[in-house]
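In what follows, subunit A forms one complex with subunit B and a second complex with subunit C.
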Partner chain A sequence: MNSPALAKTVAMKLLDLITSLKLTIVCLAALMVLVVACTLAQVNLGMYAAVNQYIRSFVVWAEVPGTGWSVAVFPGGALVGLVLTANIVAAQLRRLELSWKKAGLWIVHAGLILLFIGEFGTSLFQVESRLAIEQGQTLSYVERQRGLELAVIDVTDPAHDDVYGVPESRLARGGDVAVTGTPITLRVKGWYQNADLVNRGPADPPSPATAGVGVGVAVREMPPVTSDDDMNRSAAYVEPVAGGRSYGTWLVSNVLGAPQSFIHEGRTYQLQLRQQRQYLPYAITLKKFSHDVYPGTDIPKNFSSLVHLSNPGRGEERDVLIYMNQPLRYDGKAFYQASFGKGDTLSILQVVDNPGWLLPYISCVLVAAGLVVHFGISLQRSMRRRSAAASVQGTLTS
Partner chain B sequence: MKLDLVKIAPWVAGALALAAAAVVVSPPARVRGTDQDGFSRLPVLEGGRLKPIDAVARNSLLMIRSQQSFRFEDRTISADEWLLDLMFRPQVADRMPSFVINDPEVLGLLGVQQTSERYFSFALLAPHLDEIQRQAQAAHAIDAKQRTRFQSAVVNLFDRVYLYWKLRNTMQLAGTRGLAAEIAGRAAPDAAARQQELTEVAAFRPILPAPGNRADVWRTVGETLRTAAAAPSVDAQLAAWGRLGQAWATQDANSFNGAVAELTALVASAQPDALRLTGHEVIFNRAQPFYVGMVIYVLALLAVFVSWLWKPELFQRAAFGLLVAGAAIHTLGLASRIVLQGRPPVTNLYSSAVFVGWGAVVLGIILERIYRKGFGTAVAAASGFASLIVAHHLSADGDTMEMMRAVLDSNFWLATHVVTITIGYSGTFLAGAIAIFYTLRKHLAPKIDPATSKTLVSMAYGIVCFALFFSFVGTVLGGIWADQSWGRFWGWDPKENGALLIVLWNAIILHARWGGYVRERGIMAMAIFGNVITSLSWFGVNMLGVGLHSYGFMDKAFWALAAFDASQFLLMGLCLLPRRFWAGAAASTPAAGAPGGGSGAVKPA
Partner chain C sequence: MNIKIAASAAALAVAVAGGCRRDEVTHYRVPKERAGADLTPAAVAAPPPGMAGDVPAPPPPSGQARLTWTLPAGWSQSLTGGMRYATLKTPVPGKLDVSVVVLPGPAGGELANVNRWRNQIGLPPLDAAAMAKERKTLATKAGPLAVYDFTSEGQQKSRVVAALAEAGGSTWFLKMAGDEKPVATARAEFIRMLESVHLE
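The block that comes next holds the complex of A and B.
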């Protein structure tokens, strides 16, 4: 067999494989296995970690007990999803003829592809943040739900602050970090993703910190939290250096409340480890948060936040009521009533950026319509066959 | 004459069933001349919702004793009579066997040996209240899933004792001279403390809102007494309750009936709608449509069984008549719930069970009309019965029409997402039921009948298509609701995953059939596996206790679910056994029919 012919055979075999119905079934079954595994894993891992391990991964890894080695045990959700998408597209193009009889299936599969694209897009582009706002407060930033930053804030000018952020991932790498926009370089001397911060006892080893509250605090490393309800208490030792001069080693942590500051060439800089912030070109004021219960019970009846939206750039000034099942969609973000606190004076809004949020809506309509068309055609055909059979039988018996 | 009998059989059977159901609705007899019917309709506010006092009585007795009435001293005590005694003659109620206790260790705690007697009075518990409370508090600290059987049982008993105690102290504090005396002495120096206690422990609120207040702010007895402490007269309604209590305590029927009439008139003038609504609910509770429906479904199923042995045509038709009668009552019950609650049919786990059964029955009736072979009746009656049994067990947790938490408070999404997905459950279960029927028939029927098998397979196939459609649309609508309320379309939450599994499994069944990879037995075994998937996604994920959807946590049902799934695996095994194991195989040659059991499959295009 010459090589072009061989290549052709291989290509045909490959095409057969990628378009086969068996592959579809294998992919669907693999998805079922992943979904079951992901669901069960949530009991111990928490939702976020379980989804990352099983669904938003190309390969599922498992540790061989006692060795610390990980081996690939199963294709991950992302891989199965990709293969299934390729399978549907290829099979559709190759096998399914263009006819009215198959119109339903075309629509169904187009809708499914859109749904997969939507889920891929979500996993890549969706950003979740939150806005915790007290009654009467005005905020013009949202905080990322996951991910911290070390904010270096120039507070010299009382009218406004200049904020320079160093993301958590950069701190975790260690070494020297030049804070762009300032003359400061941070020397990262230690990073703890999760730690217990306690008052130093006599038995604790000497603290690396030489300035700030960190001198009196002992840091004990902890394993990162797994539950979605818990928060990592991260900590880092950093040494700001500017103009060849060190300003001491500071302990920063997202659980330390008071900001710590030092002065360099007449400018005051604060150091603060906090949730990563995204500043908005508009401001939101919480005018009133309401939390109603049914009389005589503590069953919540309604939560709502009356906010004022102010966007001078667009000349917009208006009040918006955000309540359950009724988010505010504005400027690519959606604000949802998520939680509350501080004796019903603090409202917590979930803020989501998802450029592909509309895709599932379209896909749902497509698939539903496609299934109706397809099953409608099948039902009609089978009814016709039944009535034909019945009339034959009728002729035979009469 | 015989032909006529066959023709009228469904009508006669159906009419008899409906007539029996109508008898159940008749108003209760007077107890020693007292107007129980009038009393049962009096509205009170409990659990955030206005309901007849009859509903409070029934739900409380159901929670405490797992029954809605019981025998005591050679009489049947209704829930209303029990509540009246509990409120106004506690010394009588305390002798009634109000508590069901099954756990031997809890009985041991009370110093009682386990015998066939499962019901115990408050008087028997009273000396051990401190110990029960101590044990319950110790167990309370432990996560509900980690508790031992004894710990769960003692916490459960404590909760029931607490409810009993609250009811006992809602109208008047037990051990005092009664509500009438409390009204007379409302300004006494020690009255304030009692008024405070009455306000705090009240199980429900029987007094209309103060003038000028919102219509749903009903008041407790304690509050009303306190506001009237310095006033020359008390609220007319409170005074009437006082007379009612006194009349019941002295068993004075005339003055009891007078107080009931007065209370009714007072509510009727202030909130006429309230009385109308509670009237409907009283009828609904009395009719117990889902219980009656369940009984009729059993009768229909029995009629189908009889039809296989004797007078097939007559009993097949009678069975269908019974099925339709059962469905009519089931439908009326659903419709009443919708009207009473002002909500779409599915609002909690209980109502989902009722609705799943209803969907399966309606589909079964349609199948029966198409195929007319009695299979539709059999599977519909069996599914209706099974799901109403499940619902019956879920109803023991109290009011099944509780108020909706804020996040669920959206009639639009309850009506679209929840209803569609529940129809998807119905379809998947019905396909499974057909497959079980197919399997049993293979093993029990004396002769192999390929045509009937083929019919059953095509029925199951059609239903799987139907189920795929509804479960897919329902799942995606759920995603859209989540996008509207939490900001993410799909969060891989256990309940969402459960729904997705049903969709995936139905899709696999259909693709496997289109590919010709499975034939008759394969499709049917897969359809039975659909029951496993659906039961797990319906109930199983609630037992994980994680995620945003875990509103209906339940641990009691774990073993029931495990047993159900095990039975389904057994049936799958039976279904897959080759044809030489079938009952009819001996009678016919193995060569008959295509290998692998006929042709349910089509070749791929």
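The block that comes next holds the complex of A and C.
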């Protein structure tokens, strides 16, 4: 067989494979396995880590006990979803004829493809944050639930702060980080995703820190937390360098409350490791948080937050009531009532920023509409057949 | 097949773009946070959720060894009673911060604190001998005060004038820091205030 013929044969086989119904079944079965495995893994890993490991990964890795090596054991949800999407698209293009009779099936398949695209978009672009706000407090930022930043804050200006956020992922890589917009370069000398911070004892090795509170603190590395309710106590040693001068090595941690600072060329810079913040062009004030219970019981009936939304840029000033399943949707974000605390004076809102949030709804509508159309077409065809059969039988009997 | 390749490349590009975006240093210019201005006192005192004070602030100094001083004319102060015991305001314009901080015990020792001040304005650390040369001692009713005066290098210079004293098992830090000019203007009054320090 010559090369073009061989290539054609291989291409045809590949096309057969990618459009095969068996592949669809295998993918659906794999998704079922992944869902079960992910559900079970949540016991040890917590929901966030389990979803990342099983559903939003291309390969599921497992550690070989005692070796520290990881081996691929199963395709991850992202890979299976990608193959399934390719399978549906290819099968539809190859098999389904472009006719009104098949319109329902076209719509159903389009809905399914949109559903997969929506999930990919969600895994790539959805950002979950939270707004923990006290009654009477006004905030114009949200904090990422997972993900820290080293905030380098130029507090020199009496009216404004310039906040530069170095994300946790960048600190974890180590090396030099140029803080763009400032003359500062941060030399990351150590990163601990989770650690215990204790007062330095005589048995502790010398501290890498030469400035700030870290000089008297010992850092003991711990395994990262897995429960969704726990929080890593992260820490890093960083050395700010500016204008050829070193400002010492500082210990920063999200459990050190007060920021630490140094002055370069008359400008004061604070260093603080904290939850990653996203500042908003508008402000939210919590006017009142309500925790209603059924009369005579402690059984919750409703949680609600009456907030004031102020956006001077758009000339908007209005009150909004956020309650269960009634989020505030504003400027691409949805603020859901999630939790509360401090004797019902603190409201915690889950903030979801998902540019593709409408896609699952559209795909569900498409799938439902496609099924209705397909059923209607089939019903019409069936009724025509029955009426034709009845007329034939009538002709024969007469 | 071409459609598939293009779609895969597009998905990869989107993924890479998304990944890179999350790794960048962000910048926001924001109005200064009004620390607790909008909050009830209870809300201000409580640590933020999930950040319960793992490194507790030291207790305020005991009543037996409270340091006090005479404020220069035109100066005002607010006593907060915590680790930052007092914040003083001067009539001198410009960037200037005057504070009194009290910590239990030796608080790391004199050399560590002197080098911390030097480090804050980008000066290299000193050894004990060099520190002794920089030290000026003021005799006060509360005992001797070690006073240091450091000015940074660079085009826009910063200056720190700071004193420390041990009293009743705590270390007191009286510090004036800011741009060189306002610190120089307020320095004489600050030194007079240091000379007036006594135990209450």
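Convention: the second predicted complex is superposed on the first by the 361 of 398 C-alpha atoms of A that agree within 3 Å, B and C clash if a C-alpha of one lies under 4 Å from a C-alpha of the other, contacts with A are read in each partner's own complex, and residues count from 1 in each chain.
In the analysis below, a contact is a pair of C-beta atoms (placed from the backbone, for glycine too) under 8 Å apart; a residue touches a chain by one contact, two chains touch by 3 or more.
As the structure is a computational prediction, the values presented were derived from the model and not from experiment.
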Clash or fit, subunit B versus subunit C on superposed subunit A: fit
Partner chain in contact with A:Ser140 - subunit B first, subunit C second, else both or neither: second
From subunit A, separation angle of subunit B and subunit C (C-alpha centres, steps of 10 degrees): 120
First (subunit B), second (subunit C), both or neither touched by A:Phe289: neither
Touching partner for A:Gly212 - first (subunit B), second (subunit C), both, neither: second
Touched partner set for A:Val179, first subunit B, second subunit C, both or neither: second
First (subunit B), second (subunit C), both or neither touched by A:Ala29: first
Partner chain in contact with A:Tyr269 - subunit B first, subunit C second, else both or neither: neither
Subunit C versus subunit B - closest C-alpha approach in the superposed model, Å: 19
Residues of subunit A at both interfaces, subunit B in one complex, subunit C in the other: none
Complex interface listing, subunit A residues touching subunit B: 21-22, 24-25, 28-29, 31-32, 35-36, 38-40, 42-43, 47, 50-51, 55, 95-97, 115, 118-119, 122, 126, 128, 293-297, 299-303, 324-327, 334, 336, 338, 350-352, 354, 357, 360-361, 363-364, 367-368, 371-372, 375, 378-379, 382
Contact set on subunit C toward subunit A in their complex: 1, 4, 11, 14-15, 18, 22-33, 38-40, 42-43, 46-51, 53-55, 95, 108, 112, 115-116, 119-122, 125, 152-158, 177, 179
Subunit A to subunit C touching residues, read off their complex: 11, 82, 86, 89-90, 120, 124-125, 132, 134-138, 140-141, 149, 155-156, 158-167, 169-170, 177-181, 197, 210-213, 215-216, 231, 233, 242-243, 245, 247-248, 254-257, 261-267, 275, 277, 279, 285, 341-342, 345-346, 348
Residue numbers on subunit B that touch subunit A, as the complex places them: 45-49, 204-205, 216-218, 402-403, 405-407, 409-410, 413, 458, 462, 465-466, 468-469, 472-473, 476-477, 479-481, 483-494, 497-498, 500-501, 504-505, 507-508, 511-512, 514-515, 517, 541, 544-547, 604-605
